[in-house]
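When the chains are written out, they are named A, B, C, D and E in that same order, and each has its own residue count from 1.
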Amino acid sequence: MLSVRQIEVRYEGIAAVRGISFDLAAGECLALIGPNGAGKSSTLRAISGLARVSSGAIMFSGSDISGLRAHQIARLGIAHVPEGRHIFGPMTVEDNLLLGRQRMGDLSPSQGLEMVYDILPKLQERRGQQAGSLSGGEQQMVVIGRAIIGQPKLLMLDEPSMGLAPQIVDTVFELLGKLRSAGQTILLVEQNAELAMDFAQRCVVLGVGEVQLTGTSAELRSRQDIIDAYLGTF
Amino acid sequence: MDAAQLLQFAISGLTVGAIYALVGLGFNLIFNATDVINFAQGEFVMLGGILASIAIGQWHWPMWLAILTTIAAVGLVGALVDFGAVSRVRRGSVMTIVMITLGVSVMIKTAALLWVGPNPLYFDPFTAGPPLRIFGAVVQLQALWVIGTGAVVMAGLGLFFSRSALGREMLACAIDREAAYLMGIDVRRMVRISFVLSAALGALAGVLITPLTNATYDQGFTLALKGFAASALGGFGRSGSAIVGGLALGLIEAASVVVMPSGWKDSVALLVLILVLVVKPSGLLGGRAERRHTQAL
Amino acid sequence: MKLAIEDIGVRFGGLWANRNVSFGVQEGSISALIGPNGAGKTTLFNVVSGFQAPTQGKVSLDGEVISGLRPEKVALRGIGRTFQLPEICHDLTLLENVMVGAYRHIRGGIFGQMLGLGPAAKTEREARESAESELERAGLAKQRNQSARALPLGQVRLLEIARALASQPSLLLLDESASGLNAREVENLAHLIRQLPARGVTVLLIEHNVRFVMQLAEQIAVLDHGQLLSVGTPAEIRNDESVITAYLGRRHH
Amino acid sequence: MQRSLVALLMLAWLILPGLLGSNSTLSLLVFAAINLVQVIGLSLLFGFAGQISLGQAGFYGIGAYVSSLLATRLGVPPALGIIAAALAPAFLAYLIGRPILRLRGYYLAMVTAGTGLILHTVFVEWGGLTGGYSGVAGIPPIAVGSFAFDTPRSMFYLTTGFAILILFLAHRMVKSSYGRAMRTTRESEAAARSVGIDVSRLKTEVFAVSAGLSGIAGALYAHYIGYISPETFTIDTSINLLLALVIGGVGSLWGGAIGAVLLTFLPEWLHQLQNAYGIVFGALVIVLLTIEPDGIVGIVKRLAETWRRRGNQKLDERTV
Amino acid sequence: EDSYKIGVSEPLSGAASSLGVPVVDSIKAAAEVINANGGVDGRKIQLVIRDDQSRPDIAVQNFRRLSEEGVYAMIGPNQGSNTLAVSAIVKQAKVPTCAFNNTIAITKQNNPYIFRCQTSDADNVKAALLFAHDKLKAKNIGVLYTSDAYGSDAYAALQKEAEAMGMPVVGAEKVNYGATDTTAEWTKLLATKPDVVILWGSGSTMSIALRNASQLGNTAPIIGAQGVAASAIIEGAGAAAEGIYMVTLTAPDQVTEGQKDLAKIYKEKNGDDYQLTIYDTIGWDALHLVAKAIENAGGDREKMLEGFEKISNYQLAAGTYTYTSDNHEGLGVDSVWIVQVKDGRMIGVQHGL
């Protein structure tokens, strides 16, 4: 479904992503892990069109999307939960969610909302509140809800557990698990490597801008050298 | 000072206030999509007035045709401003774009000077006939047009932003451009639409007010400043704020003339504005402040 | 008692973000504040550091009431803090960012600093030295002259801590400093924090990384719906049923 | 190396008037220096402390009127008047600074614009003192002892010398701890306050400094031209000042300096265009800012960067 | 040198440009005619034109620059306050300057180099008040004036003169230059029930003032200043201008001897319907005065001052000019026309007092 081929992303001339490649099959769950500044977020941004790739190709459902603009990519069914939340602060929780299904999905607004509230009941309590005044974790729920309400073909999440209470992390991953079982294709960036390895079938470990290892979670667990070098064992 | 005169002041304040409000509404439209205050907004108003004066006064076109053509033409200018300047900005803060709109305003103003010269243009009020008299006070018919249209436009914009999907998408663009893109919103198109709409709205304002105020090439900036003040007083980004702010400003100006030499009129209004903002830093109705950084449009 | 929080309440419209919260932090300890999202942890930090005036109650530092003071005054009393969404200056280099932390120790006034007169020059030098060593401790020394713009999140968090430490606080408030870090980086952070009591810095931290908290904190306060649910040692908290249902969930006990 | 460069520049400065020959270019340089003093003030306020002001012309006016009226009405020597011209607007800015600098962005822009407009009205309406629209005439030149700065050449030395001094002091200021506090305040007030920076006080102080510099510029202007009237102190002036800063480069003192000089000379260079000047000027603002929000300084920086990189590349190639 | 350089600094943009533009046009027309007739002593006139943007500081820079280009004379600012601003430089550079202003103060500052090629408002005000008193039988007057030097200088004179004539000012309102609404001011003014309203100002605000007055149902006759007597303003006021009087220097329906050449040129260019106004005449006159002064000075730059002061009884478009060493006013009250708008055109009603 998604094939990232030798992409390069530059910031003011300096390459942050240097020839990263990986494939993601429909219905698969892939985790992208690696240390700070490895280029995980940049890779996701390249896929969703927020960052320009200076070379390489990104194939989605058979065509190269690396030249498209972000909104076009979004409309193809790629949802990106970005790092650092990016909620629409002055709008209500419900308006935030509704914007998520603006151009995608078959659910009616009320069905979509119902689905999200079902999974994240806390949001229903706060549906009328300005999203900007929510707590950090509550905001994280809003952006995840906003992504899944459009029933994307590919769901990309950039550190969805960040700032979430353990219980909510459980909830979120339970939800992601449900989506995974329902055949949702997921590309996950996660600092919590254990969580990621538990959740994903395959992992891609990034070093500084480059792929260090691609393999199943089990394979990765056996590579103590990679874990020591890039992930740590706190 | 008798009652009729006080009423007269109130009416004149409301008329002027409605003009400010119309300009302020144009500000809000672009602000709501981009966080930018477009200082060329006054120039759109000026162009509207000048084009309509030429079409009606010199070419003797039918009123409706002249008005529609004017609005369309100025809307096109709005699109050009977006295409030629605003959409080219790749980096920088919102302030960068604000400065660019200042440049645009100088350009349009100069072009108008070169084109029609410095003399005022004008055409007759929409409705001919003697002014209305209410309890001894005089109401110009054109003022009713200004106030009436202002109310309709405000109601329309209010519904647009609160109810329509397009309005919500526009707001989303202003709040967080990247996130808006991720929602599948074509931000650049939204920005362009907002420029076209607000230019058209500015043109409409220009057409409405020219029978009262005349149209001159250099009137834009003063109008922009008043519209800006109106939006600030009400609070940026709220549909009702430009109206409340504009009318308040107009009424304060009129009231100040009752008690002070009229040279202080603008200053009194501004002083009230400053005091209001010091007490309520986001305007009477509580508006938004802009983001600090902008990503590429 | 380093910090005493007494009956703090904060109301936003109809919502009590904090209510009847009271607990104390021992001098020289590392304590933690945990609780579900929206429990009111950041709000409480804001109250302590002066960014939020409490609706009721008071906060005292070393026995002196500090609630009601403005944030800059609180900082002058020796409370440093970081922010849940990092607030750094992208335009300054890392070194300059950290030197800003030492602002309260700079003397000489605006003109003295401008002209580099005696006390100003001396304190400036000291600020530079302490900033250098904080950068060193945070492992950022190599990038000291880089602008902070291109820094990945993890290092931004470290930078914020270094800045706060450069002001030589006696109490440091850390709001989710470990979030967004991978295991290796969390390890480094823990190491950094562990050294602080020995330097005379009392630490109060907010964290969702339960393992991290349990290993580091001597005392943990749990907030839920704005109210204090429980206070105790990690062992006590881990086995507190109410905390498990409200916060920890099944995976972590 | 650096020392000899400074010496060279000093020399150039000393002999420049002789080289130019024409008084009118010198005269423009005087205006450029006066504008520079003001733009530096705005640069500190807006570029470094992040607080916009659209009311600088009001302070410029206060400086001009205070020094002029002291000289014409009370016979106070202009050299002393200038001090008053710095203090009066600085004091006013200090008084109003605290309440209004709590405002942000456009609200602050509006309130400062309003302040400027109100001051303009005061200049017009307080006719008994200011002469209203008729202005103040017969303002004497600045004099020290029996030497009067009444020629373009002497004013050149006075104003450019002063501008260089201000530039130097401003440079020291932004490099100091205070300067770092300013920049932190601009980017994050929360961060600034969390380390004990009294942002309200800092903003007010910088506002006062910028108002004071505008006041000095106003006095220099008045004593040079010999006549002032309210038209000089309008919002157009404030906006031009801001545009000068932005064109040169916000956030860099050099940018402010370049912008001030450019905006003084540009109309002169392009006066053939007459009315079409506005089109060229507007286009310049648009083109410059779309390609580089940091203005001319930004462009220079970028060119230097590319140049440096290309140099490095060549070096790499050679080593290979 | 094969030509005489004459400096011109006028507002071609900004608030006063609606006056500056026709003035410069007429200066150019005069230069063409003079040069076509062989120039002055066989040498051509060369104009150096600069825009003062309606700003005093720019005017000062222009004058400085022009004086350094070795001009023989300068033709000066349109706004009274700008003339006051350049005065010191004119004096320092010793270049005679033709100034267009009515503003009383410009010849009262002990500056021998400034020549008014206009009437002083001292005279214009007198003419307006006499007309109100004698012809319109006013017992009292109201005044609406603009807040610039032009309006407020005249207002001060009006107050004094009117008082002296036993015709008190019952109401006076000031409007800002460029104001787009004057209803509030009119409401206040009309409440004092003046017999005649004097309207002293210039710019597009005057059109609006006229229209507002009629919208508020004003019936008192209006006497406008020279600044109102611009075709653009009369046109801009539409029907509201009907019947108003103005104090000016030309009656467009009556082409005087001195206006013949000019009228011919303008009618050829703009059609027979063209109405010559004061702004077409004064630029023409100014350049002719300068040419005459050069002639009188025998082409010697040093003698230009005497050249001007020798001009005597020189009949030009706006009137007959005489300068002496202690009279730099140029035109006297005998040049003043009272005109009235009838069917949108200005018709001469009275010439002189």
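Just so it is clear, a contact is a pair of C-beta atoms (placed from the backbone, for glycine too) under 8 Å apart; a residue touches a chain by one contact, two chains touch by 3 or more.
Note that the structure is a prediction, hence the values are computed from the model and not measured.
If you compare B-E with A-B, the chain pair joined by more contacting C-beta pairs is B-E. One inter-chain figure worth recording: subunit A and subunit B are separated by 42 Å, centre to centre, where each centre is the mean of the chain's CA atoms.
Each chain gets a centre from the mean of its Cα atoms; for subunit C and subunit D, those two points are 41 Å apart. Averaging C-alpha coordinates per chain places the centre of subunit C 73 Å away from that of subunit E.
Look at where the CA atoms of subunit D average out and do the same for subunit E: the two points lie 37 Å apart.
In subunit D, the positions touching at least two other chains are 124-125, 187, 275, 277-278. In subunit A, no residue touches two or more other chains. Chain contacts: subunit B has residues 110, 113, 261, 263, 266 touching two or more partner chains. Going by the touch rule set out above, the chain pairs that meet are A-B, A-C, B-D, B-E, C-D, D-E.
Within the complex formed with subunit A, the subunit C residues making contact are 12, 34-39, 42, 84-85, 150-155, 176, 179-187, 190, 208, 210-212, 246-252.
Here subunit D touches subunit B in the complex through residues 52, 99-100, 102-107, 109-111, 113-115, 117-118, 121-122, 124-125, 187, 235, 239, 242-243, 246, 250, 275-279, 281-286, 289-291, 293-294, going by the rule given at the top.
The part of subunit B that touches subunit D in the complex is made up of residues 37, 84-85, 88-96, 99-100, 102-111, 113-114, 225, 228-229, 232, 236, 261, 263-264, 266-267, 270-271, 273-274, 277-278, 281-283, 289-290, 292.
Those residues of subunit C lying in contact with subunit D across their complex are 49-51, 70-73, 75-76, 80-81, 83, 87-92, 96-97, 99-104, 106, 110, 113-116, 120, 123-124, 127, 163-164, 166-167.
Here subunit E touches subunit D in the complex through residues 12-13, 49-51, 54-58, 60-61, 64-65, 68, 80-82, 84-89, 103, 105, 109, 147-153, going by the rule given at the top.
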